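Alright, structures below, take your time with them.
Presented sequentially are two complexes of chain A, the first with chain B as partner and the second with chain C.
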Partner chain A sequence: MMAPLAKLGYFGDEVGLVIAFAIGIGFGFFLERAGFGSAKKLVAQFYLRDLAVFKVMFSAIVTAMLGVTYLAWAGVLDLSLVYLVPTYWVAQLVGGLVLGVGFVVGGYCPGTSIASTATGRIDGMVYVLGFAFGTLGFAVASPVLDGLLGAGELGPTTLPDALGAPRGVVVFLVVVLAVVGFAGASWIEHKLAARDAVAPK
Partner chain B sequence: MSSWAANLTLNHKLGLVALALGGVAVLSRVAPERTLTLNAKELLTRIERQDDHVTPAELATWIIEGRTDYRLIDIRDAAAFAAYHIPTAEHVPLSEVADGGLARTDKLVLYGDGGIHAAQAQIVLGGMGYRRVYTLREGLDAWKDEVLYPSGPEHPDAEHAARFERAVRVARFFGGQPRAATPAGTSAPAAPVAAPEPVPPPPVSTPALPAGGVFGAPPAKKKEGC
Partner chain C sequence: MELPASPKHPPQPYMNPYLAGIGIGVALLAAFVLVGRGLGASGAFNSTIAWLVSSVAPDYAHGNRFLAGYLDGDHPLKSWLVFEVAGVFAGALLSGLLAHRAALVVERGPRISVAGRLVLAFIGGVLMAFGAAFARGCTSGQALTGGSLLNLGSWVFMLSVFGGAYAVAWLVRRQWR
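Up next is the complex of A and B:
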């Protein structure tokens, strides 16, 4: 076992921050290159005209999942040392809905709004400003929201734990889901593009 | 066949690769098992370097400082734990340490009465992939000898006296008391002023720190990094 590197003490917090900085630059770069610095591109998702967000995010998930699975299988990565964000299914369902509404209305999600700001787009900057005030507002309101924040606590949970299925089977099912999802997304895009061509708005 | 492959776009090929990798992953076994995998060299080196344990004095300082970056685990039976345990300790009996209640990501400090059971548990946990397991050196016996009931200074010089004075403050913090001083220059063993029995159970929770801390104001933390 040699990974996770930080957990096994190969480097400390300072080096970890430098690495995080480099990874953050890379993440922002590829978000922007995928066109995710533009609210128009992002929001096209919700009109089913361009499902690039769905495809990019799902391919990232599948790539990371396969990489982690094979590294663990090869004995290089100790999965039990990888940090898992605890699951609070009620709180996360509500938070996801709030995020989704914000995404449709504002045109960005948190990461893409930063990428957009970096490219000089004013709408991105306004979004980041709202994001900062929203964070502050949440911090002020969090004592009132206490009950909701802990709702549906399941602790650190994985799909294999929750489904009681072997990890490898879940990995395969997620890949199948992604491939079917991609095919479906492309089909919808073509269908609507054809319709738009016949009856342009 | 070749024309079929030639008609595939890059996306199709990537999708097929992902499906193939996902299919093979069904055969993978990455769930943690109860078999131990020990790296003998690593284990022995760690024992030799003596960085697999903390001393009672170090642990006492951590507790007084209120450090929360580790978990102190008492591996003795329930009756022994109820009679006395080191403040902040959690009770996980020896037979249950491998049952999954302890996270591999946590820094653990194990202790029993002596040092042996904790060291054995440490090896078992190490074999299960726990990488941050420490033991309290010589266990609760050493904790009582060195922290709760410290012996007087070995030499009457200022350095030893200062060290003893500090030990006395630590002992009182944990509800113990110092033993009589050993006469300087005598090679005879210390007078048998054994710890009073039964050991008075010091408070289970960490007592509130006196103003200014046990050792006066803590030194300003040196700023780290750039």
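Up next is the complex of A and C:
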């Protein structure tokens, strides 16, 4: 095992922060390249006119998933040392719904709002203020929200654990899901572009 | 370096979504291999707010369980996600300038006023902050990072995000189309 390097003591926290900044540059660069500094480009996903959000998200997920799976199989990466956010499935279901509503109302998610602010989108800057205000509001309200926050606690859990299926099978299914999804997304885009050309909106 | 759009330099078209996705996936994989954790964004907001509150009202901040979680150990801004998000800002700015896409504008559809759009942007931000806090992460920390680690809660979250957005898209269509 050689990785994760930081957890095996190859470098300390200070170097870790430099790496965080460098990796962030890569993340932000490709977010903006994809068009995700633009609210109109992002929300077109929810009107089915441009499914780039799905395409970018799933090609990123598949790339990283295949990468960690291969490196773990090859004995290079110890997956048990990679941090897994604990599952609270009820809280995450509710949080996801609220976040989805906020996405189509606000036009961004937290990461893309940073990319939009960096490229001068004033609505992105206002979104960032709203998110900061909301974070403060959540902190103040959190003692009351404790029950929902802890609902559905299962600890760190993976899909293979939950389904009782080998990891390789789940990885394969996700790849199939992505490829079928990509084809379906392009089909929908063409279909609606043709319809809009006849009767706009 | 100032490279705004001009008649000679119109904004360049966006990158192929699959190539951009692979680029993000490689950045994410590098994070897993180098430090054993993924990307994120909402956590940086949490650290910043925790730091701001603790400098104004330290007793309150340390007594609040949500904020206190970001205050143990070192300075709250000396965190992985704060530095990563600073990098996101720099990387997006670099890409935007190179492609002549950086411009001070309000993104909106033809049927909504600037003020209306900004009010909705603020409300959307507030909603998302609550959503991300319940979910323990956002589209970066949960959907992308947890999605690729096959984290159960992340997949529940991801489906739920798309469900929530599609459910209300029709109601706010005048903002965009």
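Worth a mention:
By our rule, the second predicted complex is superposed on the first by the 200 of 201 C-alpha atoms of A that agree within 3 Å, B and C clash if a C-alpha of one lies under 4 Å from a C-alpha of the other, contacts with A are read in each partner's own complex, and residues count from 1 in each chain.
In this section, contacts are C-beta pairs under 8 Å (C-beta built on N, C-alpha and C of every residue); 3 or more make two chains touch, one makes a residue touch a chain.
Keep in mind it's a predicted model, so treat the numbers as computed, not measured.
When chain B and chain C are set side by side, the one touching more residues of chain A is C. Looking at the shared chain after the overlay, A:W73 reaches chain B, while chain C stays out of its contact range.
When the two structures are aligned on the shared chain, A:V174 is found in touch with chain B and with chain C. By the touch criterion defined above, A:P166 reaches chain B but does not reach chain C.
By the touch criterion defined above, A:I114 lies against chain C but remains apart from chain B after alignment on the C-alpha atoms of chain A. By the document's definition of touching, of the two partners only chain C reaches A:K41; chain B does not. By the touch criterion defined above, A:I25 lies against chain C but remains apart from chain B after alignment on the C-alpha atoms of chain A.
Of the two partner chains placed by superposition, only chain C is touched by A:F103; chain B is not.
Using the contact criterion defined above for the overlaid structures, shared-chain residue A:L192 touches neither chain B nor chain C, since it reaches no partner.
Touched by chain B in one complex and by chain C in the other are residues 7, 59, 62, 79, 81, 83, 167, 171, 174, 182 of chain A. Chain C makes touch with chain A in their complex at residues 14-15, 17-18, 20-42, 45-46, 48-50, 53, 64-67, 74, 78, 80-81, 83-96, 99, 101-109, 117-118, 120-169, 172-173, 175-177. Across the complex, chain A meets chain B through its residues 1, 7-9, 14, 59, 62, 66, 69-70, 72-73, 78-81, 83, 166-169, 171-172, 174-176, 178-179, 182.
Those residues of chain B that touch chain A in the complex are listed here as 11, 14-15, 18-19, 21-23, 25-32, 104-105, 129, 131, 224-225.
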